[in-house]
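By written order: A, B, C and D. Residues from 1 in each chain.
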Amino acid sequence: MKDLKLVMAKNHDIITPKTEIKIGNITVGRDFLVIAGPCSVESEEQIMKAATAVKAAGANMLRGGTYKPRTSPYSFQGLGRIGLQYLSVAGLKTGLPVITEVTDTRDVYLIGEYADVLQIGTRNMQNYSLLVEVGKLKKPVLLKRGMNATIEEWLSSAEYIMNEGNPNVILCERGIRTFETLTRNTLDLSAVAAVKGLSHLPVVVDPSHATGRADLIRPMSLSAVMAGCDGLEIEVHPSPEEALSDKEQQLTPEQFHILMEAVKKTLIFKEELKEKG
Amino acid sequence: MKDLKLVMAKNHDIITPKTEIKIGNITVGRDFLVIAGPCSVESEEQIMKAATAVKAAGANMLRGGTYKPRTSPYSFQGLGRIGLQYLSVAGLKTGLPVITEVTDTRDVYLIGEYADVLQIGTRNMQNYSLLVEVGKLKKPVLLKRGMNATIEEWLSSAEYIMNEGNPNVILCERGIRTFETLTRNTLDLSAVAAVKGLSHLPVVVDPSHATGRADLIRPMSLSAVMAGCDGLEIEVHPSPEEALSDKEQQLTPEQFHILMEAVKKTLIFKEELKEKG
Amino acid sequence: MKDLKLVMAKNHDIITPKTEIKIGNITVGRDFLVIAGPCSVESEEQIMKAATAVKAAGANMLRGGTYKPRTSPYSFQGLGRIGLQYLSVAGLKTGLPVITEVTDTRDVYLIGEYADVLQIGTRNMQNYSLLVEVGKLKKPVLLKRGMNATIEEWLSSAEYIMNEGNPNVILCERGIRTFETLTRNTLDLSAVAAVKGLSHLPVVVDPSHATGRADLIRPMSLSAVMAGCDGLEIEVHPSPEEALSDKEQQLTPEQFHILMEAVKKTLIFKEELKEKG
Amino acid sequence: MKDLKLVMAKNHDIITPKTEIKIGNITVGRDFLVIAGPCSVESEEQIMKAATAVKAAGANMLRGGTYKPRTSPYSFQGLGRIGLQYLSVAGLKTGLPVITEVTDTRDVYLIGEYADVLQIGTRNMQNYSLLVEVGKLKKPVLLKRGMNATIEEWLSSAEYIMNEGNPNVILCERGIRTFETLTRNTLDLSAVAAVKGLSHLPVVVDPSHATGRADLIRPMSLSAVMAGCDGLEIEVHPSPEEALSDKEQQLTPEQFHILMEAVKKTLIFKEELKEKG
């Protein structure tokens, strides 16, 4: 892994200092990050409901897609700018920083006006122009692993952002594409542990896109905590069955609330395990 | 998933009754199974040392390869019958049931004389003659997932064994083959959770072969517990650096001891989490 | 690629001498091999009809599964010994040498009594006991590539057979498992060209299993010829729609006849191209 | 395959009319397209030499990367605008239309001023903003298959371009990512044949990126012709060993000349085969 001077840790055993990124009231890399919210912002009411619910359950960041990359041009493409405003307002009212995906270099500045964190999606992990542009903006970036990207390529893409002078990169494992079809993708938790030994960057896990199945989000979230991740990104929708995208994998607020209780306990347990050996 | 009448649960929510398999003092499916030992039985002294060490650390089953399937015909192929005897003696002296791989229909009866559990390796998951033969023997079988097998194919292979009248099948996830090269295989923990929702069979996880890296075994073992597995299979060697096979992925007895402490605490935590919600 | 002393060519540019295997009237490695016949031997009449038809169209070897490896234990498993006899008789009556799959070490000798060539299927490419056993028998062996096997592993499996003193190994590329689902597997023709530069062994291509689609067999067969293969294995059934296995990928005798005409012309063209540059 | 109304053929047997795209003197979809040139435009002299050589050998389109997507930010990134000018001049002097990759929505108009065809690379196949933008420009687009894209996703991306009113889409198969490491990617020629049965769009094959090995380009090019492709894209460099990128896979002008002779003969043979049956 040549040429990864910015993202790689000098010493595999003692990776110091870890990257810490201050966003609103939380410090990613120190505090456990829980990003939650719907796949897409669908209306002012829907995102407000979602924001209130995920905040109440303990999430500390709000997600919501506004410019959606969809396989077919005839699928719902997101609300765009008005969606950004709804998301931003929902974040302000609940006190949650917001994250949304950017897919076009020309939108980086605009989205940066509304969002606290810019998300680079799996399909754009090697869209180098976009990486350079979010690098220049210097706002925090969540960089999803390409569904076909090796760990080395993923870290190389982070290097693109950091090389523009933006050290605020959060990595996100979201499943890789394999031959298995019973899950949407294959969640690669060993990649999380491997990256924690290679890089000082925080790593978040997205079990929603990795599995594509609401019933697998709880076990995979708790597994991810034990694998050493620094946060989770979970899709939550006020009424998943009415969602305009990703119906099968979004949790209800109630399911998310129960999940959060388990995640919090697991984090405490993990901390104790580390201290007492 | 047609034609999986024997391995599939009737009701996804309440999979009752779970399969329980009595082996020596333990009941797989109820007690957490910890299989440990070297990749290969190399000498009487080596397997005895390994057995004593893993027993002391809390393992409840001893592994050791005697008929080894190796990619090259010029690699160490295992000690064969004498290895079986060493393994058997080590098991008897420590009170641990023993497991070893069978690769040939003609060896099933012989290996069944020495081993408490017969292991079907990843390369033989679709060796149907072998599945039928271990099905006829009726001794417990640990069925590893083929490195390229879908979950459906894996369960279909279990069906072959059960269809011969042998219900004592333990499944083992050991990583699938993907494009990633930083780990030996990609551990598919979502498959564990998915299978627990489909089948009444116990599922064990082998992080040693999945990752191929000693440093990833701890995080992946704890993750596997939280994903809901019924046991672990871990490679432990008295002196990994001198091992005749799989050097990079075997733990020292000390590393295994530390791991077991963490696994036990995680199991207790998980149990509490289930009870208190 | 260490330890491949038997299958590897000394000199990549001039691979001499090529392995040539005399079987009946043909010399594989010199004459172009065309193996054709049904997926499974289903009855005396069916295999006799198939044999007559493929012989008439220009095939020089007859295939037919008798011991079938099927994903489910409830699928048709082949006729076994009586199927072997039907196949053998059909071969004798038409003057075609016959090939059938062996899946169990205990069957090697019996099948060797009836078949001119033993086929090792994709699921058994790393069934090393079986490789050793067919190595000892010394009859020609067609070794299919494992659907998840690298080229290096494939050649290592050939090494197992040759290491027992049996140099009569024919390799067969039959598609690898990838994420694509529109074809049954992904035919890897670059592997054929790569192997021709590495090894002196003949390489045959099976477009039937690779694509799983009758409509793709013609273009893939002609492509395979231009990639440099030494033969083809094609599934042909008197009435594909009534076949007990692999319905979608078997050609009718008429389709096969038309295909053979095109294959023959392509072989002549390829020979001319080589001579005139 | 829902929602592919623009790229899909009405009738699988008689796909009429095929898309034909007039570019300079050639009509893609009718005339066989041969795109050739270096991986990157490195200097005025280099691209001029390459253009003259590939024209002499029979290529009818000139390629050259100017805005290069590279895994590492520290690798050569292409000459950018000045490279575009060199490429354009070389095209004008030799009478060859030129193609170059666009990676950023903001560059589409500029590159459209210089290039006759815009190439969408494998990493940007699902960069939907970019697809929309090249759709609006209405210049011919060569759409490479994502290295992890299914055929359905690939056609869906073409649909994005056509849905903007630009019917001038050329598909390009360039290898998919699998577990095999002896070749850079795995060339999926069955995808070419499958797409020819699904869509009216022309399909070009890029054996250079698919195999990553100069020695495999000839067999894969001839195979691709027999699989039914409408053209080839081949990397040719005046001195491959001095190339700033993709050294191992670029042909010398001499090698390309010899390849073209074989390609031309194979095209004539294929035409005869179609006519005479």
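The criterion applied here is as follows: contacts are C-beta pairs under 8 Å (C-beta built on N, C-alpha and C of every residue); 3 or more make two chains touch, one makes a residue touch a chain.
This one's a predicted model, so the numbers in the text were calculated from it and none came from an experiment.
*Asks:* Specify the chain most distant from chain B by Cα centroid.
*Replies:* Relative to chain B, the chain with the farthest C-alpha centre is D.
*Asks:* Which pair wins on C-beta contacts, B-C or A-C?
*Replies:* Answer by contact count: B-C.
*Asks:* Averaging over Cα atoms per chain, report the distance between chain A and chain C in Å.
*Replies:* Taking the mean C-alpha position of each chain, the two centres sit 48 Å apart.
*Asks:* Indicate the whole-number Å distance between the mean C-alpha point of chain C and the mean C-alpha point of chain D.
*Replies:* It comes to 34 Å between the two C-alpha centres.
*Asks:* Taking each chain's centre as its mean C-alpha position, how far apart are chain B and chain C in Å?
*Replies:* Computed value for the inter-centroid distance: 35 Å.
*Asks:* Indicate the residues of chain B shared as contacts by at least two other chains.
*Replies:* 148, 177-179, 181
*Asks:* Can you tell me which positions in chain C touch chain D when the two form their complex?
*Replies:* For this pair, the touching residues of chain C are 148, 150-152, 176, 178-183, 186-194, 197, 210-211, 213, 215-216, 219-220, 222-228, 258, 261-262, 265-266, 269, 273, 277.
*Asks:* For a test of understanding, state which residues of chain C touch chain A in their complex under the given definition.
*Replies:* 177-179, 181
*Asks:* Tell me, which parts of chain A touch chain D in their complex?
*Replies:* Those residues of chain A that touch chain D are 2-4, 69-75, 103-107, 123-124, 126-130, 146-148, 153, 156, 159-160, 163, 177.
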